[in-house]
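In structure tokens below, several structures.
Both of the next two complexes hold chain A, though its partner changes from chain B to chain C.
After this line comes the complex of A and B, so read on.
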């Protein structure tokens, strides 16, 4: 008996911080959108993971530099090249896998940075109020009305070809205002809640209130917005690459599309055109669906009623 | 009386608080809301002082001013003879250690993301008292004293896993863990049902005995105030109307507003043997523009000219029983005509 109580206590201690996630997961599982999104995402993640394998098998499968010595023009799918080759004999399948890796890299890192900025700025603006709030929010407005793609196009035509990480950084710098508005609104409402006042009465400093009391309450929202930001970052990178302003040193899906178009294979090489196009659509769709499902987890009002009578 | 030999721990002098509504750009002033209008009182060491009033009477504002969640527009608050206005740095930290607050709504006053242990130990962490181990010991002790025992069953729970009464106990434990000198309890039971309320009252009362605590108990219920408090002050629209020992104020109310509050208490059975004062006008008469008694528009016994021109001062009518009404002064009896029960139904 005593022993049973003890283990029970241990469990509650060890799992106490995973608990909300488990609860969220059980709601997430019910959502069809979430399941589809997650499945797609796992497929893409596996693609990104396996992108390291083809170059190990044979250097000709290297997505950027590997050229099949026997092929000097675009060929259709074959046993040797599952999706065919591009205009100079590079393997399209290994390019597609490498593209998945780049998409994840760009999407997740840009989204993470913009979420980090947006959450920090939103919390500071919402919590401090008055002048700082006005200043930060007008700055957010100014950045929000700037078309990201256009600005990056102008920057890259000014400075020549941009490195992929520079592109990521610029996307992050232009994509935080939306998040910060939401986080600010949430912070404003949290700030009025009695538990914040209770912390003040206990003597907590502003920093402590922000990090200990406000941040845990806005982070779920930040993560929700992160999934939407991933989508937009991937699309912006693909568009840039397709327009010829991508990083020439990386093989992204946008880059592949650009090569199709540039070499005039647009209408006679569907095996080359379709895979990257479909992949871009599906990965953005999967992140979007994941976001919607998480929305459902975080916002009880969106949940389906269960036999409430 | 209880407070004869005691010295005051908290002294409030001419405290005012005005909430400004936003002005339009054309310069005409919005309606400023006067939440507190120059109130003064003292709270003596070791007593439970009840501040009773209806919604919007400014009782919560007074509590918030005392714990420095807001700054007064005018007037001074002294805690143990230290002026609270403009308290900063070290002084403010020392003050935060001495004064705690229990909030009205236990569903809102606990951070949903923090476990009970983290919630209750937060004041200790903030004031750097003890280390991890000793803090947990203090937390356990505080939780035991509010009736959350055994504490281990609750330490790692989150607010959503607790009932309303348990949450309020956690909130009380958080306020008590620092061993404060003075606690403001802002309607701690208004969100709880009657039996739980009684338990909370007993906890507060025990705490006072054990910790040599002084409590400002803010409530809308005269019954709760009578049950718990040594002295009561009745507040209406930012003005103190009547103040005195709890039994005296309730047995022998002098102010028409206090009488109206007592009339308003629900009673069982017929109202035959219970005294009705019938001082509340059913409909408000014309609104008051000037400096008259705030209760004048709803007061049945009010004098047409006297009451609407000047606010009566809070004056002592008997031993430590203070009333702000012209009719309460010795020599001027309130004359109620007709069937008082009629007005009270």
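After this line comes the complex of A and C, so read on.
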């Protein structure tokens, strides 16, 4: 999006769902937090992209299984291995790049699913009211107090090693209530507006009112929450991998930290301990900053999202 | 009177929620792939002992009867024996609970107080350097990956500088020595607690600072602040006595909302620092397939979260006279 289109408030103009986003962009551009966040994010996106390029060591190199035959212990940075190698002689730089890809994959897909669920449930609860509303919101209350990380731990003790997509799915299933509460509140206030009344009088069905008239108005808010959900999904996956319950077939940053911790290299291999931790922290920071910048766009007084896990 | 009714209603809600969690956990443990009996019976047990425990837990009965047994056992504190420790689970978690509560409550209170204090200062210097650096500092510490921060703390303060012990909660030699007084024991625990407490504090105070800051800025626009100014009160009095107490209320709310987050963080901190608490026990039992211990630790943690939520809600209702439910 290069040009920020200033939408006019002309009523005859058809409302498009993209409009609020374009309007917001012009405010967003002014925010320092937004700029820092976006820059960091672009760097991480490039890292994720570079992970697809075959490394110079060996075009068939895989960060999980590829070992340097000449190295049998952890070594420091060198011309061949830019960040050094781990205890089996695997290249840390390739692992770090692969970790960026996993972080985006986990963060964005879990966030997208939880936002989808949260928005749908919030709109349904707010629009239908009464029994359905109470039921859904009590369910939300209940899930909200559950510590997601520990829930996934219990599940993995029962079902064995979880693969990465199962982890993503569980994170999504446990992280929708915050969004749904906000969307519900927004829906409740929208429901009172004349244009909804008008649509109803004109004979629009409930589904049409929800998707055609309410959804475009709550989407920017969902989008805001998506950035916070990306953060929490990345943190949960990283923490899970750190504790040794990650997908054993995936090289994530949390996994790298687990290896450095479990193999007892944390005191003598700073080149191994520092990069993954810095990456997890910075990618979290960048999404968090983006969220706060968007927050300013949407409503400066909006209550900030506290928890990230 | 209103407050009492509100508390009563919340307690009822919590009991219902807890029962749902209890039931879901029961179903998960019975319906997950694998043999539910082997999950509750220690593989090293003699057949006679195993038989006895099976009938105690009602594992030979139909699902519905099992559930009745399960609930009864829960309320009588009979969670079976831990596979790993070979002791009743209830004794193990009873041992660990005070340690967790000590670390958890002290970290939350400390970070909330410091967060409120610093947030107040940041809002007072809005737009100036102090404010900018505080906001950035809060954002950065709040988003640092907790286990990694814990490792860095150990590396720097325990390994390089050797100021604090690397892991654990007590030093054996201090506690086994009969000549050592209570004060020395207390100081020993404190000495071990600095790093885990410091880690949790660093992670948490940032969000409280940010909330306090924005809440302060909102409060300063209120009419009663203008009135206080018009009365000619000192700026410091207005800030500390008129604005801050009201502005701190959202921080209390956010303590409640972020409890689940804090519990996750607590478990990670306990694990890295090998602090003998419930969270570490849960992580440990899950990785060692110690199902009775895992189940009981999880239930206890859920219980702690629910009760702390209640405490926060009641505290809020008590602190804010404008809100009476």
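General observations
To be clear about the criterion, the second predicted complex is superposed on the first by the 269 of 309 C-alpha atoms of A that agree within 3 Å, B and C clash if a C-alpha of one lies under 4 Å from a C-alpha of the other, contacts with A are read in each partner's own complex, and residues count from 1 in each chain.
Please note the rule applied: a residue touches a chain if its C-beta (ideal position, glycine included) is under 8 Å from a C-beta of that chain, and two chains touch if they have at least 3 such contacts.
As the structure is a computational prediction, the values presented were derived from the model and not from experiment.
Once the two complexes are laid over each other on the shared chain, residue contacts for A:194 go to chain B alone; chain C is not touched.
Once the two complexes are laid over each other on the shared chain, residue contacts for A:145 go to chain C alone; chain B is not touched. In the superposition on chain A, the chain among chain B and chain C reaching more residues of chain A is C. Shared-chain residue A:159: touches chain C; no touch with chain B. Within the superposed three-chain model, A:213 lies in touch with chain B and out of touch with chain C [touch as defined at top].
Legend: residue contacts after superposition of the two complexes on their common chain; A:204 is shown touching chain B, with no touch to chain C. In the superposition on chain A, contact is made by A:257 with chain C only, not with chain B. When the two complexes are overlaid on their common chain A, residue A:273 makes contact with chain C while staying clear of chain B. Looking at the shared chain after the overlay, A:112 reaches neither chain B nor chain C.
Across the interface of their complex, chain A is touched by residues 17, 20-21, 25, 28-29, 32-34, 139-140, 142-149, 151-152, 154-155, 159, 207, 210-211, 214, 218, 250, 254, 257-265, 267-268, 271-272, 279, 282-283, 285-287, 289, 291, 294-295, 298, 301-302, 305-306, 309 of chain C. Across the complex, chain B meets chain A through its residues 67, 69, 93, 96-97, 99-101, 103-105, 108-115, 122-123, 126-127, 152, 156-158, 171, 174, 178.
Across the complex, chain B is touched by residues 9, 12-13, 16, 19, 193-195, 197-205, 208, 212-213, 216-217 of chain A. The part of chain A that touches chain C in the complex is made up of residues 33, 141-142, 144-150, 153-159, 231, 235-236, 238-239, 242-245, 257, 261, 266-267, 273, 276-277, 280-281, 284-285, 288-289, 292, 301, 303-304, 306-309.
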